[in-house]
Structure formats: C-alpha cells, structure tokens
Amino acid sequence: MSDVVLEVRDLTKHFPLTKGIVFKRQVGAVRAVDGVNLTLRRGETLGVVGESGCGKSTLAKLIIGLEKPTSGEILVQGQNLARMRGSALRRARRNIQLVMQDPYTSLNPRMTVGDIVGEPFQIHPEVAPRSDRRRRVGELLELVGLSPDHINRYPHQFSGGQRQRIGIARALALRPEIIVCDEPVSALDLSIQAQVINLLERLQEELGLSYIFIAHDLSVVRHISDRVAVMYLGKIIETGVDTEIYDHPTHPYAQALLSAVPVPDPTLRGLRDQIILEGDVPSPANPPSGCRFRTRCWKAREVCVEQEPALVEREGSAHPSACHFAEERDVVHATD
Amino acid sequence: MGRYLARRLLQFVPTLLGALFILHYLMTVGIQLNGDPARAVFGDRTPSQSQLQAMQRVFGTDDPCFEQAGNPCLTVFVHRLENMAQGDFGVDSRERPVVTLIAEHAPITARLALLAILIELLVGVTAGVLAGLRGGSFWDYVVKVSTTMLVAIPIFVVGAVTQLVLGVEFGSWLKGVGAPDLLTGLFSIAYRTDQPWASLVMPAFVLASLSLATTARLTRTSLMENLRGDYVRTATAKGLTRNRVVGVHALRNSLIPVITNLGISFGNLLAGAVVTEGIFNIRGIGGLVFGAVATGEAATVVSVVTILVLVYLLCNLIIDVLYAVLDPRIRLD
Amino acid sequence: MTEQVESVISADRSAQAGIERSASLWADAWRDLRRRPVAIASAVVIVLVSSMAAFPWLWTRTDPRDCPIQLSKATPSAAHIFGTNELGCDYYAMTIYGARASIIVALVSTSLVLLVGALVGMAAGFYGGWVDSVLSRLADIFFALPFLLGALVFLSMLRSHSVWTIVLAFAVLGWPPLARIVRASVLATKNMDYVQAARSLGASDRRLLFRHILPNAAAPAIVVATILLGTYVASEATLSYLGIGLQPPEISWGIMIAQGQSYVTSGYPHLLLFPAAFLSATVLAFILLGDALRDALDPKLR
Amino acid sequence: ACGGTPQSSSGPEGGDIKDGGDLRVYIGEPRHIVASNAGESEGSTVARALYSGLIDYVGDDYKIVNVMADSIKSTDNKVWTIKLKGGWAFHNGEAVNSDAYIRAWNAAAYAPNAQLGSHFFERVDGYADLQGKEPKAKEMSGLKKVDDTTFEVTLRQPFAGFPVMLGYVAFMPMAQACAADLKACDEAPIGNGPFKMDGKWEHKQQVKLVRNNDYKGTKAHLDRLTFKIYDKIETAYNDLLAGNIDIMPRRMPPAKVPEARVKFGDRLLDKPSPSFTAVAIPTYLDPFKDKRIRQAMSMAIDRKAIVDAVYQGRYTPAKSFSPPGFPGGRDDTCKYCQFNPEKAKQLLAEAGGWPAGKKAELWFNAGAGHDVWMQAVGDQLKRNLGIDYELKGQLQQPEFLATADAKKLTGPYRSAWAPDYPLNENYLTPLFGTGGSSNRTGYSNPEFDARIVRGDNAKLLDEAGKLYGEAEDLLAEDMPSIPLWFDKASVAFGETVTGVEYNGVQGVNFARVGFTK
Amino acid sequence: MLPEPDPDADLLDVRDLRIEFRTRDGVSKAVNGVSFTVQPGQTRAILGESGCGKSVTAQAVMGILDSPPAHVTGGEVRYRGVDVLTLPDEERRRIRGNHIAMVFQDALSALNPVFTVGFQIGEQFRKHLGMSRTDARRRAVELMDQVRIPAARQRVNDFPHQFSGGMRQRVMIAMALALDPDVLIADEPTTALDVTVQAQIMSLLGELLRERQMGLVLITHDMGVVADVADHISVMYAGRIVEEAPVRDIYARPAHPYTKALLESIPRVDVKGQQLNVIKGLPPSPTRVPRGCAFHPRCRYARDVCRQDPPPLYGVDSRRTSACHFWEEVVSARSEGSEPRSREQDEGVGGE
C-alpha cells in the first residue's frame, strides 16, 4: 500500500478541564477527538462531515501538528508526526498543509499578499533561493487565479473567495502532498464557492494532491470527495465511498444529517423523508455512555446505553457504521 | 465565585510582600545614600551624639545596617513584617502610631477618591457619550481636545487655577452675597471640616481631571463600537425609544471597559492626591505619604503605601467581580 | 468579447497602480499619514520641538544661563520676546533649551516603557503558564504602587535627580499598564487563524511574535503610550513642583511651569503661559499623532 | 505683669480693641507643641500662646521684660539665682513654682526624651550626665531649688548672655501632669500662658485655644485663638484673601508679596527677622585658604540685585554677621560686603587670580528652593570675577548636613542661621568659634575665641554685646563666610484685626491682638 | 395608531426602494430600486449573494438603518397602504416590533449579552404594552414555550451565551413574535446554524406562520432553504431585483442569466457528478456598479445593449418578471449542460 500518504491511528485529543486554587487538578476532559482512524491515499479526497463542535477542526489541527495528540499516531508516509520535533518536524510540515475555514481571519491583516504567500519560503529558506522567491510567489498567485500584480495589496482589499485563494496559494507554496482543508468554502458565496471548489479540483488534477476536506455542507463534500467520514462527538460513526454514504446511509445520525440538507428543488417539497432531530448535541466534556448518539436517536434501546458500537461493517451496512441497529434508509431522494 | 475570591486573595500575598519589600528596600537605600533623616531634624545645628541617637531610635534608623550602602537590612524588614503581622505598624517620627495616622487620614482621602471617581464617571462618561453618539462631530473634537489638554497640563496648575478662579474669586463673591453654607462649601478654597463633602467637590474635580481623558475616550470608542453592534439594531427593531436603546442597551455594554479602567485610574487618583490634597489643604493619605517621604520616615511610608497597595488590590478585585456582574459572559472560576 | 477585454484592461490599470506602491506596512502607514492634516500638523509640531531639543542653538543665540539679574521678570518685549524670569534669564531661550529635558523624559521614558511593557506582555501572553504568573505578579507589584507616589519614593532614594533618573523612575513604574495591554492583545491575537497558519508552516516563536502578533497587538499599546507620554511630561513638571524632580540650573518646561505658576497673579503670567503652551502643544501633538498612527497602521481603515 | 510700650502695633490703640472673638491664624503643621519640644517656628508659635516664660522680648530691639521672673541675678555669670513671682498656676491648676522649672529643664535635657530643646541646657552643669543611651542621671546637678519661688542655676562656664536665653520656649515651665506623660502632653499641652487648649491638637487641621481667664498677666482680648494648619502656604494666602483666616503671622508666599502689598496696604507688616543667610566657605580648601579670594567673592556679589529679583526687594542685604537691631548687632561691620566689582577683581588679582579651568562648586541642600538664589550668586561670580560655577544641589538635607559636618563639601555652601536667643553672640560662637557646634567652615582664630570669652565674662549685657562685636570685627576681615541677607517676616491680617505686634524672636503676641470694635 | 390603514391594501408593499451610503470614500448605491409585496400567510424569499443589498433592504423596511451614512433616496414602503417612510419617527417606532418584526442572522450578536433572555423578550411587553415586570416575564416564558425552548421557566433568567445556537435563534424568533406582528422579516435566520438545527428552525417557523397568518420576508442565499419554504422568490443582484417569480417557476425555468448561473453552481446532495458552473468575476462593488445591466460583465448572454441600457423589468408571464433584455433566450435554453463548463478563472479586480 505504498500509495497511502497519511494514516491516522486511534487518534485522541482530550482538552483537560482543571480546577484548583494553587495546584490545578484535572477534573475532566473535553473529548474533542476520541479514537479516530483514517487513511488517505495519493490523489484522493477524503471528506469529513459533522455538526459544529464534533471535533472536525481539532482533527485537522492534529493532523497538521498544530495540536499535540493525547494519544494515537499520525503517520505521514510512515513517519509519526506526533513524535517529531525540531527540524525534523519542520521538514515534515512541508509535506502537509492547511487551508483554513475563515478567509477573513486566516490572513494577517497587516501583511501584504506577497508577504503572506512568500512567508513559507522565509520559514523554509532551503526551498527557494531568495532571488527566486518573488517569481515563485507570482507563479503561485497565477496558479490560484489571482493576478501577480496584486502582490502588494492587503487581504482586506480582496473578496472572500480571493482571500481563500491566497490561503490556498500559501498552502501550496511548499509543494505539499497533502492539504487539509478545514471548511474552505463555508464562508463563501455560492458563485465564489464554486470557483474555489473548481480550483481545488483542478489543482488536485494538476499537482496530484491528496485532500482531507472538512465541511459541514454535505452537498459540497459529496461533490468533491471520493470517500466520506461522518463524525459525531469526536468519533467517526460511518465511513465509506460517497455513494455508500449518500445513497445508502445506515447510521441514524448520518440519515438525520442528510435528511436535513435542503435540496434546491421545490418539486421535492414534502416528498423527502425528513428527520427532525430533537435536542442539541451533548457536551463533549460529558458524552453519553455507550452509543453517543443514543440521546437523540429514535432507535435507542438498552444495549445502546451499555455498549459502544464499533465502526465496522455489519449486517444491514455494507460499509463501516457504528450503530447496533444499522439499516439502510434513503433520505436524500424523493420517496414518492 | 468563592473559589475565585480565595484564589485572588491568595495572589495578594506575593504582590503585597513584593511591594512591601520594594518599598522597604527603596527607603533603606535612600537612607544609606542620602543620610539619616534623624540628622535633618536638627537642621544647621550639629547635634551631639546622644541627641542624634535619641532621634535615630524614634526614626528606627538605629540599626547599623543603615550605614552600609546596599545592605538591604533584611533583619529590619523581617522585624517589620513580624510587627505588621501583629498589627503593629510602627510609629512616625513624632512617635504617633502609624495606625492612628492612617485612621485619621484615610477617611478623607477615601471620600475624596470616591467623589473623584463619581465625577470621573459622571463627567467622563457624559463627555464620552456626547462624543461617541456623533463621531467626528464638533462635540467629538471638543471632548478630545479638552480632555487631552487636561492630560497635558500638570495637575498642580489645574489645581492652582481652579482654586484661584472658583475658590478665591467666585467663592468670595458667593460669600459676599450671603450664599448658603453648602454653596460656599462647594467653592471653598481649602477643605472645611464643617462641609466634609461639599468642600471636597472642587478638589475631586481637579483630581478626576487626570483620568477624565481616558474615561471619555474609552466611553467614546466603546459606545461607537457598540452602537454599531447587532444587538443595538435588535433593540431598535423592537420599537424601543432611542433613549432606551442608547441608555440601556448600548451604554451598559460600553461601560464595561470603563469600569475596568477604573481600577487603573484608582492608582492615578491616589498619586494625584499628593498634589491635590496639598493645594486644597486636605489632611489625607497623599500628604501623609509625601511628608513621610520628605522627612524619611520609613515606617510611615512602608505602612501607608502597603495599605494603599492592599486597597488598590481590593478595588481591582471588586472591579473584577463587578465586571463579571456587568458582563455575564465572564465567569469567575 | 470586447467587454471582457475592457474589464481585463481596467484590472491591469489598477494593478499597475498597485505595483508602484511599496510593500511594507510602515511605508504604507507613512503614506497614509501624509494625507492627514491633523497628522501633518502634529508631526510638524513634534519636529519643531525635537529640533529645539536637539539643536537649541538653531533657535536662539542667547545663552539661557546668561542672566543679567537687573532684568529680572521683564515682561515680553522686542529684546526678550518671551520676557525674562526672576533671575533675568531670557525666557525664550529658556523655553527653547527647556524642550530637551521634557522631550527626553517623554520620549525615552515612553520608549522604555513600551519596550519593557511589550516584552513582558508578549512573554506573559505568548508563553502563559508560570511565565505568565510570575510576570503578572511582578506587574501587579509595580502597578499597585501609585505612580507618582512610587516615583517620589524612588527619586527620594536617588542622590541626584537628572533627566535620566526621572526617566528611570518613570520606566520602572510605568511598564505594567502596557504589559497588561500587550498581554491582553497577545492573548487575543495568538489564537487568531493567521497565527495558527504561520505556526503550521513551521514558523518559529520569534517569527510568530514579531511578525504576526506584535504588529496586530500594537495599536492599543500605541494609543496608551501616547497618552502616557503626555502624562510623563506633565508628571515631570509635577515632580519639580513637589521639589523632587529636576531642579535648576537644569532647564525644563516642568521646572519653568512649577516656578512660573506662583507668579501668575503677581502680574507675570508669561512665566507660566509660555512653557505651559509649549508643553500642551507638544503633548497634544503626540496624542493626536498617536491616534493617527493607530489608524494608519490599520490597513482596514485606509 | 508688665510689658513695655509696644513699639510696633498697628491699627487703632488699645482702646479700640474689642474683647472677644475668634482669631483664625495660619500655621504649618507643627512638629511638636509642648514647649520643651517645640523647636521650630510653627510649634513655638503655638507654644508661645500657651506658655508664659520667665522673660519676654519686647519690641524691635528685643528688650527683655520679666514675665514670671521676679529677678534673674548673678555675681559671676556662672551661678544664677532666679526668683519667681508667686501665685501663678498652670491651666490644670497646678502651681508654677521652682519645681515646675527644674522639672521642665531636666525633662528637656534628658536625652531619652529626645526633646528638641535639649541643647539649650548644654551650658548647665551636669548636662552631660543626662546624655547617652542610658544616661547616668535624670537631673542636672546645676539646678538647685532654694525655695518654692527661688532656684539656682550653675553653669559650666560663665556666660553673660544666660538671662537672654531664658525667654526661649525650651525654658518654659512644665506641669507635673505633663511630665508624667510627655507624649500625651504634646497633644494637649498644659501651659501657664494667656491661652489654654480647647480639646486636643487636631493634627493637620487646627489647634484650638481659648482665653485663660485665670491668667495672672495681661489677659488676652480674644475669646478664642484657632491655629488653622495648612500644608501649602499659597492655600493659606488664598484663604486669607477670602477672609477664611484672619492672620498670617510670620510668612507669605514670596511671589505673592508685591500683590499683597497692594491688597493689604498697612495691614501687611514687613518686619526684620533675625534669620540670616550666607555663603559659607570651606576655609580649609584651596583656593579658599587665601582670605583675599574670600573677600573678592564677597565684593563681587550684588546682594541688592539678588534680593530685588528673587525676594521682591524684601530682604535686607547683610553688611554684618549679626543683624542690626539685635542686641550687640551692628549694621556696618563688613566692609567687604559692599558690592564693588572693580575692587573684587583687584583683590582676586592680588591673590594670584582664580585657578584656570576650575569651577567654583556651590553647594546647597536639594528640594528646598535654594537653587534660584544660588544660581544668582553664581551668575554674579561669573559676571564680575569671571569665575565659572557649578551648582551642587543634589544632596538631600540629611546628607548635605552630614557632608558639611564631615567637611567634605568642595566649595562655598549655603549657610542659614536662626538665633535661639536675641544676642549677637548666638551668631558667632556656634558658627565660627573653634569647635563651635555648627562650625563647618574650619575657621579657627584664637584671637576670636579669646574675644568671645571676654564677652562671656562681661558684667553687663550691653557690655557683653560690645565685646562680642569686637570678635565679629575679626570675621569681617577674615570672611570665613559671605553674609548675604537678613530675612524679613511678613505679617498680613484682615481688616478687622488690630493690635498686631511682632518681633523676630517671639513672633506675634496674640495676647494683645483683638478685633476692632 | 396608524393613520387610516387600508384593509384592502397589500400587507407589505415595497416600491422602487433606493438606498445609498454616503461615506468619505464616496457614495455607494447599495439598493437601486427594489420592489416586492407580501400577503398574509405568504412567504416572500429574497435571494442574493453577499453584499447585494438584502440586509440593507430589510433594515430600510424596518427603519433601523443607521443614518448617516445610509440615506433612503427614493421609493415607498407601504404597510397596509400607509407609507411608513414618511411617518414621523415616533409613529414609525410604534410600528416596529408591533406590526413588523425582524429576526436577525447572527443571534449571538443580535442579542444583548448582558441582559437575560427573559428581560429582552419581556422588554417589549413593558415598553409597548406597559405591562409589569412579572407579567412581562410570564409572557416571556409562554413565548419561549411556544418556540419550544425546553424548561422555559428555568431558563428565562439565563443569558444568551448560555444557550446553544439553535436555541438563541428560537429566542430571537420568540422576541420577534412577542407583539404578534403581521409581517416578519427574517434576515438569514439559519445561515449560522448546522443543517439539523436549520431544519428544526425552519419547520418551527413554518408552523408559526401557518398558525398566525403572518407575512414572511425570508432573506437568504441558500437556494435549498428557499425551495423548501418560499411561495414567491425575488432574486437580487447589485441592489436590484433581477427576477421575480413563484418558487416552482424559478427552479424549473429561470428567466435571468444570473439566477440560471446560480442554480448551476450549486452542488447537490442528491446528485453526484453534475458539473459546477462558475460565474466568472465578482459581484460589483456598490460604489462602482457597471453601467447598463449590472450583471453584464459576468453574463454569457451579454450584448452591446446590455452595456448601454439598464434592462427594465420585463413581464415573463402574469406572475413573473425578469430584468434581462434577453430573457426569452434564457428561458428557452435547457437549464443543464447546455453550455460548456467554463474553465475560466476569475481575473477580476478585488473588492475595495
């Protein structure tokens, strides 16, 4: 399996909750990411979807090494990123880059575009000789569809979509193999969103990139991903290639999530099988025992309280699904 | 909340000890470098050895460490701490207990500071609101320039001019026309024991002038920011009157940074009190410390400033709590 | 397809305008400042006053210490346009020469305070944990000493009171508010996405601090610093007034104001007015320039 | 008792003074007000209203008038017999007798009491035994009670001026109740004077006094006498203008004097004060060892110009080492005190000129406003002698004094002296006598010392003054110190106040002040 | 309270509304002639991209625009026949909340952080109806129950930050419904929410509308939400309504190239593999709206006339209009896959 570029094993991240006056005691933890396994192959896009607060961004930060994991391994081409430090880590970082969610806060408002896109070269001077940098920055801007003449402008002089392109250009500067996109289009307008998605797809084709594409917009994820993982409260509860998830979801949460996505087609009004969930997502600091979805699940029984369902293929689900009672249900299409 | 208070109170300990030590050290080095303040009492006349010794005992400078420049006189410090722990804050050069001195001087400074803070809030916030409601307007400029001028002009000039114009000229005129006591008290030149509040108003104004600029500017910026806030729009959309929208919804939020700043300006107030109290002849803490510094009475300086530090810390604690009350998003744990 | 060409051309045109501009934040701020009349006026005042401080002989040939005592307290006239002081020294020359002490006190104290405050604030905010605890407690200690009282005690300790000891006193006592402000802005800035982005690129702490966090945390510090600067100039005068600051034969606006104020009602108001006017104008200029600078450093406001 | 004709009363004569009223008087916060400890001006102002001593000094010539003393006599100027008038009592009813005086003087002298008046008793036999950390004795052997109204004082050496000292506050009697707790007494002294305490001293606010109706001397006109305490003299002045106080009995803010002259007219008294300012010279240092240099410097200073510029012309340029009008004092002792730049230059040239490149360092204590006139002095030296100068005003008072004590000052320095009793001797022995208590110039002239001793042994006070004056003549030649000026006191008071008398030692006699009818 | 309301008039009728912002950098014409009507029980959706003037329109109708810098330069806003723009301030204020209410996009910032939700909901009862504090609180609890906030009685004294996003939006809705208004303007009420929560809120809104027979103006850029709830749709571009139609018609046969392009650029959850069509370029800055048809620089149907003459609203049929000179061409084209997928990247000039 040489074409696996990234493998995540049993990754957990617990943010400690502390109390105490002089000496801090740990009284609990926010289980933001709680035992996640992923593999990413070369040239592939893995979509990660889930509701707000389910741990998507934390997962992204772990993967690119912005947060130290509580446990688990992140293997980038066989090397464990979580245990690297110093210059080894710096070098490894060149291989895996992040595109952030909010194009308005992810660019330093007091740096020009040239400085922002050129910064990777300043941090890793070995990548490009000084004399070459300006040209490289220009190329990068062109690559993402911006005019190299805009090099001296400030981020606020650009629209959201253009800023996102700047962020992408920055991520591409070091020619990484993997790009983690944390909701790269959530903040963008429809017409712009399409431009960025197309750009990402084009870059993947041209440069052979692998993406981890995080989003809460299931339609965007479907559009761009080869495989999809659905997260709930720090865990992946269902995963598979996109048609498996979208057309044959088996986990009740995945079904509810999909059913809630509005479809821009008034002719389907009232014809789709809509599941309105009750209540809110429980606090990740105090997740329910057993199956984490059981508090909002209409199928929950005794066993769900006691036993945590594993993410495996099982009867009723041809792809891995973490529900004791996994069962197909089409919630996306009209049911007639 | 209880835990928070406990933690904050615990944090006082190192701060207080640190401040105490710094003061002690400064005073000690001061004595070592500038000579024994006990000597100064005798003026040009050279005292005899025993006269000097008697005075040194009163000043508490009879430890030999005061003759070695740079010696921090730790034993003296530890001794002072022990005494303080037992409630003994030492005596001044007239052998009056410092505790008594503080009891005499503190209430009036407290009143002065309270008035000054009220004025600072009242005038500063009003000015800030005037300026903030219409950024860039005439009022905005008036407030900006006038408050800045108050920063630029030393407080003793402000004090002297106020006293001359409002106290001597206007105050005398008032007296001439037989104005009621309260009114003459308001415009009296010096502090009057029979008008313990009114005669402090003018000094409080002078004192407040130091922090007025900051308060007005803070109010202005935060009000302008909040007026643009979505919730102000919501309040308007609910059909509330403009007064209620500004006065209840926008202002309350705008006051949060102003209140926080009060903690800082409290220190300013105490410092400004040195000058203001002198000019208006107010028997307060500022003058006490100034006098003690001038005559080198270490016990008084260290004790009084320590108490000031404590008061300051407490004030800031109260302000933090107030802050949490004003802004429910802040949780004190 | 013509319209497309047109829009491309117009894009090019504005792009060319972009090329001419230099790329640094400070250069841009400078360009922006030059367009603000208030900033220009303030800068002119500051330059004038600074030149008085640096090269007083450019402004007057009279020696402010050459004082024919017979001319004591002359009111302004052609020979002495600002009059003379009680010793008969030319008041104009004194006002010019007095700029130096005030400017040094203002600028050097503020710079030191900014430097120390920024370093401490950045360290405390960026590293957090025990570094933060220790530095914050330390700041508390100095913060809790009332400024002027602290300066009094500090200066009464020192043998001689030169401009530099006053600067030292102000710096020692003045840094905590700035440290707090910087710390708060660093805390707010450090979790901004763009800092995270730079970190994920492998940027060093130094780079994060100085390239990303500091410029974005600087604005409130600059504003406070300019107000502090005004406070320092005024405090220098107050210390002289209390008899613990600079003393003659040193010449400073503070001393001149402290000495001149007692003569206001005695028929010599010029002894207060001239130094007070110079001092106020300078402080006002610094504060207004600080405001303008803050706005200029914020590309969003341009 | 008695009292000479007041020489400097203002306003209408005694007949127009109404009895009653509350006089509000400006003072600064005293250090102490109990007589034995009321060493400085503010404290003694209060103490003098509370106490009556053996003698008073009356008028501008400080004539000695007995108050409680019936007689003060000595045959050898060494053993003095003091007889008291009988029937006087303290405010608490205790009788004022010989014991009250002996008690007071012992208590004042006793070192552990740390009373500021202690040094006045240095001349009394046995004073040394009361000194040190643990003194040998509590009572001076030189004080002997003869009977209830008579006691004897034995001095270590003869001193003709001893009776003159007795009017000073340190020599006031002390009640038993006061001696029992000196500290408590300081808060509310038990005096024997025309006024008594009304309640305690309210620190930094006021000291309230009421008339002592049982007073044996001339009773006061006023019902009440309230000393209002001010921190800043400018504030007090403003309050005087506004009519919130009635009198400033000693000082004015210097800058306000011209204005006050206009506003108060003859209600502003400019009275000579015996305070004396000079620039003392370290005679032990080159180039000041040469007296011609000292003489030249003195002649180069235009005292009048400085006084005009800095003190609005109020002070009296000094032409002697003790003030004119003072017992023994003269007006024209110092011929080198004339301003004469030509002569000064000549003298300097004779002395070989000023060392090239050397600056005269002028010393004074920091933070007390001496910089202005010191600078003026320096300017004069520079202008008239070409001596460049440098001001050395960094030392705070304690260290300045200690440095001076140790003779480590490197140039001329400020020297100020206020006498403790009205006799010219008080300006001479302490400052210029060999081993004098405040002799820091290093001046030592056996002939000078001898002339002082001659004065000490004089039979009559006037004669003593003359003999001391002969000693002063030597100073005028040697110039160990450059006299500059004698201060003036300014007494300003409100329109309805009358009967204000002032002299430089005693201040305003409040017993004689009242309001117009 | 209102001057002679006309019972036969439209519930809300906005005609040719024009708004500009006068700032130091020049005048920006944010809204250039917006017209729409709302009938009781009906949902009018206003669709458009960020910055096209949706919120400004809504705020103008509410009368809560900050002026300066905003100035309404033309048009009418008729509520039951009365032009509210010409009413004196005081009467205008009475309409707000009482007759026309509004729900904002970001509930967290739209709620005052320092007052309890009970206070904020009850405030209107106290100020408009003069109720006592306790009565107002009781009514607030009732309203919170109605918008299905669990344990309303306990939570009435909580602060906004103590609620989850969906609950906050319910609080906003409760606040808007407090005085039983006739018109509800919802400015992107679910944009900030997760899809599951969005579904909850939208179904709640739908129920309440039906119960109360209110007119709803739903502002959004989400074509999916609109398809689910709207009766009529107005599509805005650069401060103008470019197309107006009943909901089914628009999705089936858009009559304006912009609407058409938008529909083609939406990825769909129920279909995989369709191509995303990109609208080249950027929406124009309101300070520099192109001459002629504002959309022409991005339009594939643009001809010379589009650069010269701003298109009037052409009637497509009795119930729909389009502001495109070539609407017939647009309507007749097949909606999907008819054009080659544009590979064109944006070379446009950035925003301001």
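All chains are identified by letter, namely A, B, C, D and E, in their written order; residue positions are counted from 1 within each chain.
Methods note: contacts are C-beta pairs under 8 Å (C-beta built on N, C-alpha and C of every residue); 3 or more make two chains touch, one makes a residue touch a chain.
Chain labels with UniProt names: A, E = ABC transporter ATP-binding protein; C = Peptide ABC transporter permease.
Keep in mind the model is a prediction, meaning the values are calculated, not measured.
With contact taken as defined at the outset, chain B and chain D are each touched by C. For chain E, the chain with the farthest CA centroid is D. In this structure, the chain pairs A-C and A-E differ in their number of contacting C-beta pairs, and the larger number is found at A-E. Chain A and chain E, compared by their mean Cα positions, are separated by 31 Å. Rounded to a whole number, the gap between the C-alpha centres of chain B and chain C is 24 angstrom. For this pair, chain A with chain B, the centres built from the Cα atoms lie 54 Å apart.
Chain C and chain D have CA centres that are 49 Å apart. Counting partners per residue, chain C has 11, 15, 156, 159, 243-244, 265 as the residues that reach two or more other chains. Residue positions 33-34, 160, 164, 294, 296 of chain B are each in touch with at least two other chains. Residue positions of chain A touching 2 or more other chains: 147, 150, 153.
Across the complex, chain B is touched by residues 31-32, 111-114, 116, 118-119, 131-133, 135, 183, 186, 203-205, 229-232, 234-236, 238-239, 241-244, 367, 395-403, 405, 415-417, 430, 437-438, 440 of chain D. The touching residues of chain B, counted against chain E in their complex, run 227-231, 233-241, 244, 249, 252-253, 256, 326-329. Chain C makes touch with chain D in their complex at residues 65, 67-70, 72-73, 86-88, 156, 159-161, 243-244, 247-249, 259, 262-263, 265-267. Residues of chain C touching chain A in their complex: 11-12, 15-16, 18-19, 21-23, 25, 192-204, 207, 211-212, 215-216, 297-300.
Within the complex formed with chain D, the residues of chain B that make contact are 33-51, 53-55, 57-58, 93-96, 104-105, 160, 163-164, 167-168, 171-172, 175, 188-190, 193, 277-281, 283, 287, 294, 296.
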